[in-house]
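Order as written gives the chain letters A, B, C, D and E; numbering starts at 1 within each chain.
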């Protein structure tokens, strides 16, 4: 894997006078699970959206497997988006359509426009979609409408759609922020398993420290659009966390936690190896 | 603590504040009804309600109400030839064949030339060869010898009651049971009876006056076709044509509403901010919608009648044009309110723009659009009644025409009942369809 | 262009739409027989509906009022041509506009209406508007503007409405049409008053005649000029011969007793056209 | 690393078959639905075209004939337009008055009826279905029918139109209001009931403050519709601008300039009220337009 | 105090086949603060609503100061309601109206309908309303809309409305169930103070044992519509509580507690004298 898998080079995004992402530089050499943490407004979402090309960058470069992703246009850009799945905090499914159809949307880029307009997906794809749903434990909901599912189930449908894309990289923008602790755990477990079993790179924005520690191989901390930390979970001490969150001494890690049992604990839990 | 230096004064100022608040509230709560009242009083005089009440003719109302549930039989004598004829509503198609009459009329014949009419309240009217008489219970005998010199009527002693309207050439007597008018040329008696006469069969049908049981047994014996034919082509009520008219009304609403939806959908994209960034195009589309909407369907009807002539198509097109305006506006609002997250989700998988519309926009707006269309379909059924009155189609024409001639109130009642039932059915049907389609999967497949 | 696919007849108001259609069923049958094409009958709600149909070429034949014909002619002289007119029992082809009021209001002539409310019928009606609006000012020497001679001048919408409005006292006087023959107490032999009397709506004892116009020519049956010559000839012959062929049908289509229809040309309506043109200035 | 729990669930093969069967069925249904709709539209169009005096395909080339004639005359006599506008302004005021009064009366009536017909608010709960039916009937009868009947009894003029529109408005607003009522919280009502308030007090103090913005917005929308309705009723003799428009229009050539002036007035009014009311309504709440044009 | 102040006699309410309150009999001889406890669905709310005549009873009787309250109709019924204030779990204020108006609603029964519609409340009433609000510590919110207040403040407005009625008895249906522990305490303190200072009878449905113990002079336990306990707080042992809640051995008192600090405690607190 000599050359870098993904190289983000001085990537910058400004909204008017406001610099949302400021010369972010990250290099990923092998598939791994990366967590990005930071305060609200730190630029995490903007960074991921630039990777997926949902938002155009201002300057800098993203190179994936030697290809300049930031320079792509039209059909090529869409082909890259098909290779780079994105999972959203609000799931961004089509709520009135059934689960399988939502998953099948992952193949839209590969299908002719006309066939897809009439919702004509090949049977093989339908089977694969159901297999993926089965892998995520929600196959029995296949014929239901997405809106009829709980948040955690919907997020798993979104993951299934991402898997349906057979992507080279999966981006997840706060995938568990709208979920209760129980569902959050299921979703994070699923993402981790996808990384481990399929060997895909997963980059996830996370708003809680302990989730990042628990699931990620590498943690990147952002503050005011800049990358202020990049290391292993073990290197992420409370002091470093305080810097990232720009918090004062009253910062308590539990305050950001959504993990089950956090309320019952009085001592910090031992980090669980990912 | 400095803020509450003196709790007493703080509280007093609070009370002042509250008093002020309530004075203001009292003022508004009094002012609004007063303004409304003042406006209504102004309108009362602007509309000249006192004059109207003064002029309103309750007799017209009574005629109307009575006509709506009863019919009158005319017994007419031509004072020159002496011929007597009997006809329901005085119409040719309701005429009794020569020499026949209802049982309360004893027609004169060669030996006894006097026609005797026996009324319910005990009154007896005779049409003799020279003399007409009306024996009014509780009043007396009125006689008349109409001829060139006038009606020549004579009344019992005393002043004329107000229900007798007599002049030299014309006498009109209105009692509860009948109305008799005598002029030089003609003597006519109207007798009111309950019901919608000849509703099922006219006099020339063999089935007239038959009981339901008889009809049923005849229907079973293979006469069902004839029975239905006689009913359906009833010259007095014309059930067949009325049914056609109802159908035409629904047809106008149907074509107009859904045609408008088909035209408006693409235009709505042009008028939606998030789909058409070009301000000029957007404003153009919106003003177009305003024009279509602002001109009422009725006026479009007049405009279109020149090109298409009278008929249901013109009505349907008028509805189509107006509703294109309404739908265009509402659809574009619905499009502006679409949830961007779904579209973004599709964008993130690399979907083409058309695919994004298909899966990100259409499923979202379909239920909104569909329910709007069905609402309009229902209310357009009602509008089509009015439009039909102008373009010459549908139940509306029958209704307004029957009203304008101001005599066939029983037909008016019949049509109103039909219109109300139709609107009820459409209301129920559109509600049912809406629930069915929107709960079912309207978006996905 | 000398072929037609269907023949469309427009029927003017005055009666219940269904009654109108019904009384023209016989004509429809004869026409289908004569022309060999399907015939459709249309009964729009007001004069204007038929006129617009003739102008737009969607109606081929209609029996117009004189003023309605004038309107059609003024809009487009090439649209229609008059072919026949109804002949009254006395051989004339005219009728009158009758001004009337309530007897108990004490009004006996136009004088009595001074400063009061006056009602016309439909703006396109000859007897209900055009002729009285020209002849009444000649009598009174004043215009028909609001407040000039009459206190207020309104359109009631049609003959039937005028009669009811006068009878109710909504307007103090109005004009409507009648043949002017027969007796006042019967509402004359034919006309709008007679229909109202027959329907039991009014009692002629309550009303008085206050004005009568000069004879007004009966409106013509018109055919669209663009029709093939052969069709026009056939239709004219058909209606003209109707009185001989089928008296009942003649009664139906001429809305009462008559001697049938006789040919007529545009010349008979020149004065009406002029009158209408003058009103349009 | 916890496993994704593989509950007891049907095998994917089973799910697959079910889903594909379901999709086929849905596709069939929606295909059929679409086919029926297209067939209805096409045959409906053909019937209407056949029963019309002029055909669609001949007619649409002449669509602009009439507007052209009107505009030609209007532009010829353009100098007289301002004068006409002044002449017909009082008639416009009358039309607006008819609409305003009937909207007011209709809104008041609709308010009372809707409260009587809403569960939890009704004065006599057993009579709820009765009041609902009353509203349905009031909504179903077209204004023009009531107006014509009243013109017969009362004579022409604004009052029959006002009553007719108000009658219909009571039904139309009543239905919308009762939907608003259903979404209103009954807690304040119960709170007021617990202090011994009368029904009127409960409604006006407990319900009206909650629903007033929605009521107001619907009433405004109705006002807009009623202006049009009152103009239309002028066509059948109910006075106002519609009466003037009809007379001018049906006279035809010679008065098309008047028609144009009246039309301009009416159109400007409708657009103004429309714009004003949508601004106000947007500020108050989002009204549902679709249900209103009844 | 010879005759009973309030006598509830075999009061029963059935909803269809379901008996919500089953022959409840309670006698109150002198003003006191009574807590009613019981599981959800035990019939507590129904009982209070019958007392206030918001719900009609099926059989039995309520006699207050010798008057048969259950027999009243029309204006007399409303007059009784004015004497018998009710406080609801959800406050049941008019949210869009200001606080003073809400308090003044307590006098509606005494005012003519017309006068109340035009906001013609006497100035003296307005002043009294503000005094009451002041007593409850929320006078400064007087001109605000009720909906702008926090839950605890709204409940105090509801209490103010009740006091405005100058009632002979105050009923409170789970007055603190929607409140956080801090506000719950303020509201219960207020109710207790009203009882103590004004000598009014207060009957409150409570869903937590410790609140009942802490504030009430007498506790009534209900189960399946029947009164299964009636005694002093001291008599209410954990065993009795278990019976009332029909709980099995796993019943833990904290599970029902909302009191501040409950989460921090591991041992049962000492009962605080009321």
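Quick note on the criterion: a contact is a pair of C-beta atoms (placed from the backbone, for glycine too) under 8 Å apart; a residue touches a chain by one contact, two chains touch by 3 or more.
The chain lineup, named per UniProt: A, E = Phosphonate transport system ATP-binding protein; B, D = Phosphonate transport system permease protein.
Quick caveat: nothing in here was measured; it's all calculated off a predicted structure.
K.L.:
Along the graph of touching chains, what's the shortest path length in steps from subunit C to subunit E?
P.N.:
Minimum step count, subunit C to subunit E: 2.
K.L.:
What's the minimum number of touch steps needed to get from subunit C to subunit D?
P.N.:
Minimum number of steps from subunit C to subunit D: 1.
K.L.:
Strictly by the touch rule at the top, which chains does subunit B share as contacts with subunit C?
P.N.:
Touching subunit B and subunit C alike, sorted by label: D.
K.L.:
If you fit subunit A onto subunit E using only Cα atoms, how far does it have to rotate, to the nearest 5°?
P.N.:
175
K.L.:
Can you name the chain that lies farthest from subunit E, using the mean of each chain's Cα atoms as its centre?
P.N.:
Of all chains, C has its centre farthest from that of subunit E.
K.L.:
Would you identify the chain whose C-alpha centroid lies closest to the centroid of all protein C-alpha atoms displayed?
P.N.:
D
K.L.:
Among the chains, which one keeps its Cα centre farthest from the Cα centre of subunit A?
P.N.:
C
K.L.:
Using the touch rule from the top, work out which pair, A-D or B-D, shares more C-beta pairs.
P.N.:
Counting C-beta pairs in contact, B-D comes out ahead.
K.L.:
When the centre of a chain is set as the mean of its C-alpha atoms, what distance in Å lies between subunit A and subunit B?
P.N.:
Here subunit A and subunit B have centroids separated by 63 Å.
K.L.:
Taking each chain's centre as the mean position of its Cα atoms, how many Å separate subunit A from subunit C?
P.N.:
82
K.L.:
For subunit B and subunit E, let me know how many angstrom lie between their CA-based centres, rounded off.
P.N.:
Averaging C-alpha atoms per chain gives centres 56 Å apart.
K.L.:
Report the inter-chain centroid distance for subunit D and subunit E in whole angstrom, where each centroid is the mean of the CA atoms.
P.N.:
47
K.L.:
Where does subunit D touch two or more other chains at once, residue-wise?
P.N.:
Those would be 23, 27, 51-54, 59, 62, 65-66, 152, 155, 157, 236, 249.
K.L.:
Among the residues of subunit C, which ones contact at least 2 other chains?
P.N.:
If we look for residues of subunit C contacting two or more partner chains, we find 8, 10, 42, 46, 48, 52-53, 56, 58-59, 157, 161, 164, 168-170.
K.L.:
Give me the residue numbers in subunit B that touch at least two other chains, ranges are fine.
P.N.:
Subunit B, residues with two or more chain partners: 55, 57, 60, 302, 306-311, 389-390, 400, 404, 406, 441, 444-445.
K.L.:
If we use the touch criterion from the header, which chain pairs count as touching?
P.N.:
Applying the touch rule to all chain pairs gives A-B, A-D, B-C, B-D, B-E, C-D, D-E.
K.L.:
Hey, which residues of subunit A end up touching subunit D in the complex?
P.N.:
100, 119, 123, 126-127, 130-131, 133-137, 139-140, 142-143, 185-186, 189-190, 192-193, 196, 274
K.L.:
Flag every residue of subunit A that touches subunit B in the complex, lowest number first.
P.N.:
52, 54, 77-82, 85-86, 88, 90-98, 101, 105-106, 108-109, 113, 116-117, 119, 145, 158, 161, 165
K.L.:
Okay, in this complex, where on subunit B does subunit D touch?
P.N.:
Spelled out, the residues of subunit B in touch with subunit D are 36, 39-40, 43, 46-49, 52, 55-58, 60-61, 64, 248, 251-252, 254-255, 258-259, 290-291, 293-296, 298-299, 302-304, 306-314, 316-317, 326, 329-330, 371-372, 375-376, 378-379, 382-383, 385-386, 389-390, 393, 396, 399-400, 403-404, 406, 412, 416, 419-420, 423-424, 427, 441, 444-445.
K.L.:
Which residues of subunit B touch subunit C in the complex?
P.N.:
55, 57, 60, 63, 72, 90, 165-167, 169-170, 172, 179, 181, 183-186, 190, 235, 238, 241, 302, 305-311, 389-392, 397-398, 400-402, 404-408, 411
K.L.:
Could you please specify the touching residues of subunit B with respect to subunit A in the complex?
P.N.:
Going through subunit B, the ones touching subunit A are 341-342, 344-352, 354-355, 358-360, 363-364, 366-367, 441-445.
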